[in-house]
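There are structures below to look over.
What follows is subunit A paired twice: with subunit B in the first complex and subunit C in the second.
Showing the complex of A and B:
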């Protein structure tokens, strides 16, 4: 009996050993390029401003108090979150049907659709954003088309505001919600939908009662990914946002590069990160309730 | 009265002709198995009945109601899947309640029916469990309960026992059959397991390559197979080739074979001179050691048994001990090999000469 038990124990120990080693490279990368820089930013945000160096000697909380007392910064923070939330909802609404279709379809055109889904990721960020500028500018493709069919006489303001940023970000981040959802939906046995239909439920009822609840893990993963990526995006809001669509990351870079206010910029970055963590934490808690019945 | 009529349905996928003119009439309360190897069209037939596939032509009637063009949810069916297909995010009670909610059954009525059906599948007290907390057999019983609680007009079962281990599978066969008879529900059961089909069904539809090879009771199919492929698919069988020498009665023939003349039973209307195969099941052949002297007794014995008895001589070439029986391979004078089951306690050795005796009524002629 004891001999029988000893064998698997030895095996599992050696397995655990090798697993630990496999984590090391990623861990080194994360500590070296994520945890340490973050610590530096935190310390930087607590330093006094200086005109002679990146930051002064003394410690202070003033950067935080100033930022948190500034309605302008609150406004930008709110806009950033609003853009993030809008992009997340839009990409979910647009992405879910695509993922659903891809998961169900056995057509040979499916691989073509896959390429379309991934296409935003295949084009460089700056190039793609320039393309959106060509489309969305006052004299751009979208406005000219709308004018040509007589819907408008004056150009619509499609960029240099939150709208342009939202449109472009939704386009970029669509794959990030489709892929986790696709994996999730493919793992749901088609028998479940058939069982539901056989019990008398319509397609609609089957979707709401069976498929949707079971795809919550994919929805959760995808929406968090898109939300976090959207609120931290820089290039798209920098190029398409103008002043009307300025977000926190654009503001932080402006502090650091244009104004050379490193400690204040660091404080803004930390505030942004803290708010993001808070929102994601809250979201995880809310969605966990919806998923508590899942295996 | 037929509860379910499948009338000449066809189904094609591109060039593949999956179902060819399938017609099956099913009486009320009958348990009918669709039996065949994978790819024979049995699952497609079931899906056509369920409404998940639409036949290209032909029609499907539930009673007098033509359901060919209706959606699955409009058909009033209960379905049990190989994968159980229980909703993993719902408790047992919620799974059972699902179909009742769709039918707008009142809450107290719902609770009563759920309690009743749980008792029926012997899962009282499991209502608050999640499917993942149950064993495979229990999950399949919940699936069965979920299909039955809505009191459908037809119960469809798609290889429901294929995922269970052998012992449980045996137990569940009788459980399902017993439940089906108590409820009296018309049932269609898809399986590739002939033993399952034999013990459970009132009628078996043997299918191959999109056509029906035979439709009949388990006894008819086992004892009177319509073709060599049916005989081969259901149980073990021996065949000896021959030619009809004369018809002795409506269904009895004398057949000339390389081992001599054999009295047989066969379908009516076989013409003299027709090439046939004589099928004999291994358990219907009796053996006796053949030694000098005893051989004479044999002849006398067969004489006593009348014209019905056939005796063939052969030599044991292989013997496999199987516990309850010993399976012998016997080589006949003609060179044909036959398989014979003998009592496991008095085996015959390889090389021994044996007399094989079998009744004409235990044979069946197959057109070759």
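Showing the complex of A and C:
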């Protein structure tokens, strides 16, 4: 046995030098066309604006100071964060029951239900947002239904505002919280809940005191993912946000594509990323306390 | 007996919980089902009531050259991304799983990084970068590289996970029986990790077909991918032709899901 083990180990050690070629193409791709490009966002944001070229000669911090002194941009940033936070809370409230149900489910329909959760993830964003336009527009399915049951006489404004963006984004990103939670819940031994029950705790109490605390890592991972995705989403706010639901990503793309103001757009993108990092950092700090009690 | 003690008895709370979960499943699927229904509806408007079954919107779609061109362009970009990533993603996964020692965590991080950052930021970064290194966006090379970068982690993660579950003693057995390194790889390792490669490639294809932000910022003038074409179309039109395009893209996705489910099982997906 030791002889058998020893042979491949020596082999792999001597092979390591010659195996390096395997990883070279991937590293070239990801350093050359992913890591380095990110640096150019920073350098671009420091360039002077120019009317004749993409950017001028000198370097400046003025794009940051202008953006940070602009109430309009603060308003959009605030709206973006509010939408992000609402979508995160809603997806947690809707996603947890589904993940819990899927984790416990032993029925033969489980794999079909799994497809229900997974498929929205693989259907394109434009398609899913388009579906929500059909539902939320003034003559849309939702308003038709509300009228038919007599709740309203005039159509509600469900689109071209933050409300529409929030509803659609919650649908779009729901799978991203269900899947990490599902993985987490499946990893929790059922014996723990059973022990709690046999010691006399009610099912509610068992859930609050055993299952929920143990699923904190899944909650943390899923909520961060949904928050980051929803504050950086472009397609959904661009398609059904209108001016009333405009977010930072929409503004940045407008700067880059429509107004051709690359340096100022770069500064906005960095402000957006910095705010996201700050919020995630703060959130990690706050949830760390809840996580520390875990085994 | 244990079954009874952990609660098979249905209480009112169980029923409430089941209805809640059912409502959420409906919420998840409803928009997708709606689009497919309306694409087969003969009526002029994207609204209820349904008027009758018709393929007229698909006919409208297939007689529209812009949509056909966009579909072919999307397939071309997705196919190149899939093939390139199928090779370099698999090689990288094998290297990281087998040979990387000191830098393993760093390599894992950089190989999955395109998934961890918002796609819109990657698109902006590449837009600036291609300008600075004079590649620009006049040709398809920019958008193609963008698609390869963003879909790379899907192949890498799925192959890595297949390698993790693979028992290496089979390789050792092959080697000790005299097989060469290449022979062992081709006859033992490759068949064992093939499901991971297939899943990763299908996933990369579907994602590349769907992604929007990268295409929006890196496209060359006048060349639209299908999502871009649909996005542009919806700015000025709001009719069931759009639903027909959406339906086609949904069918493609479900075909991929079905293949994955039948071959390796959906639960082995990694992302």
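The definition used in the following text is that the second predicted complex is superposed on the first by the 262 of 295 C-alpha atoms of A that agree within 3 Å, B and C clash if a C-alpha of one lies under 4 Å from a C-alpha of the other, contacts with A are read in each partner's own complex, and residues count from 1 in each chain.
Note that in this section a contact is a pair of C-beta atoms (placed from the backbone, for glycine too) under 8 Å apart; a residue touches a chain by one contact, two chains touch by 3 or more.
Computed from a prediction, not measured in an experiment: that's the story for all the values here.
Residue contacts after overlaying the shared chain place A:58 against neither subunit B nor subunit C.
By the document's definition of touching, of the two partners only subunit B reaches A:209; subunit C does not. Look at A:174: by the touch rule set out above, it reaches subunit C but stays clear of subunit B.
Of the two partner chains placed by the overlay, only subunit C lies in contact with A:135; subunit B stays clear of it. In the superposition on chain A, A:194 makes contact with both subunit B and subunit C. The partner of subunit A that touches more of its residues, comparing subunit B with subunit C, is C. Within subunit A, the residues touched by subunit B in the first complex and by subunit C in the second are 194, 197-198. Within the complex, the subunit B residues that touch subunit A are 50-52, 71-73, 76-79, 81, 83, 85-90, 98-99, 102-103, 130, 132, 143, 146-147, 150, 156. Subunit A contributes residues 4-5, 7-8, 11-12, 15-16, 19-20, 22-23, 25-27, 29-31, 33-38, 40-41, 44, 54, 94, 97-98, 101, 111, 113-120, 122-128, 130-135, 137, 139-141, 144, 171, 174-175, 190, 193-194, 197-198, 203, 228-229, 232-235, 239, 249, 252-253, 256-257, 262, 265-266, 269, 273 to its touches with subunit C in the complex. Within the complex formed with subunit A, the subunit C residues making contact are 2, 5-7, 13, 17-18, 20-21, 24-25, 27-29, 31-32, 34-35, 38, 45-48, 87-89, 91-92, 94-96, 98-101, 107, 110-111, 113-114, 118-122, 124-129, 131-132, 145-146, 148-149, 152, 156, 168, 171-172, 175-176, 181, 206-207, 209-210, 212-213, 216-217, 227, 230-231, 234, 238, 242-243, 246, 249-250, 253-254, 256-257, 261, 266-267, 269.
Those residues of subunit A that touch subunit B in the shared complex are 189, 191-192, 194-202, 205, 209-210, 213-214, 293-295.
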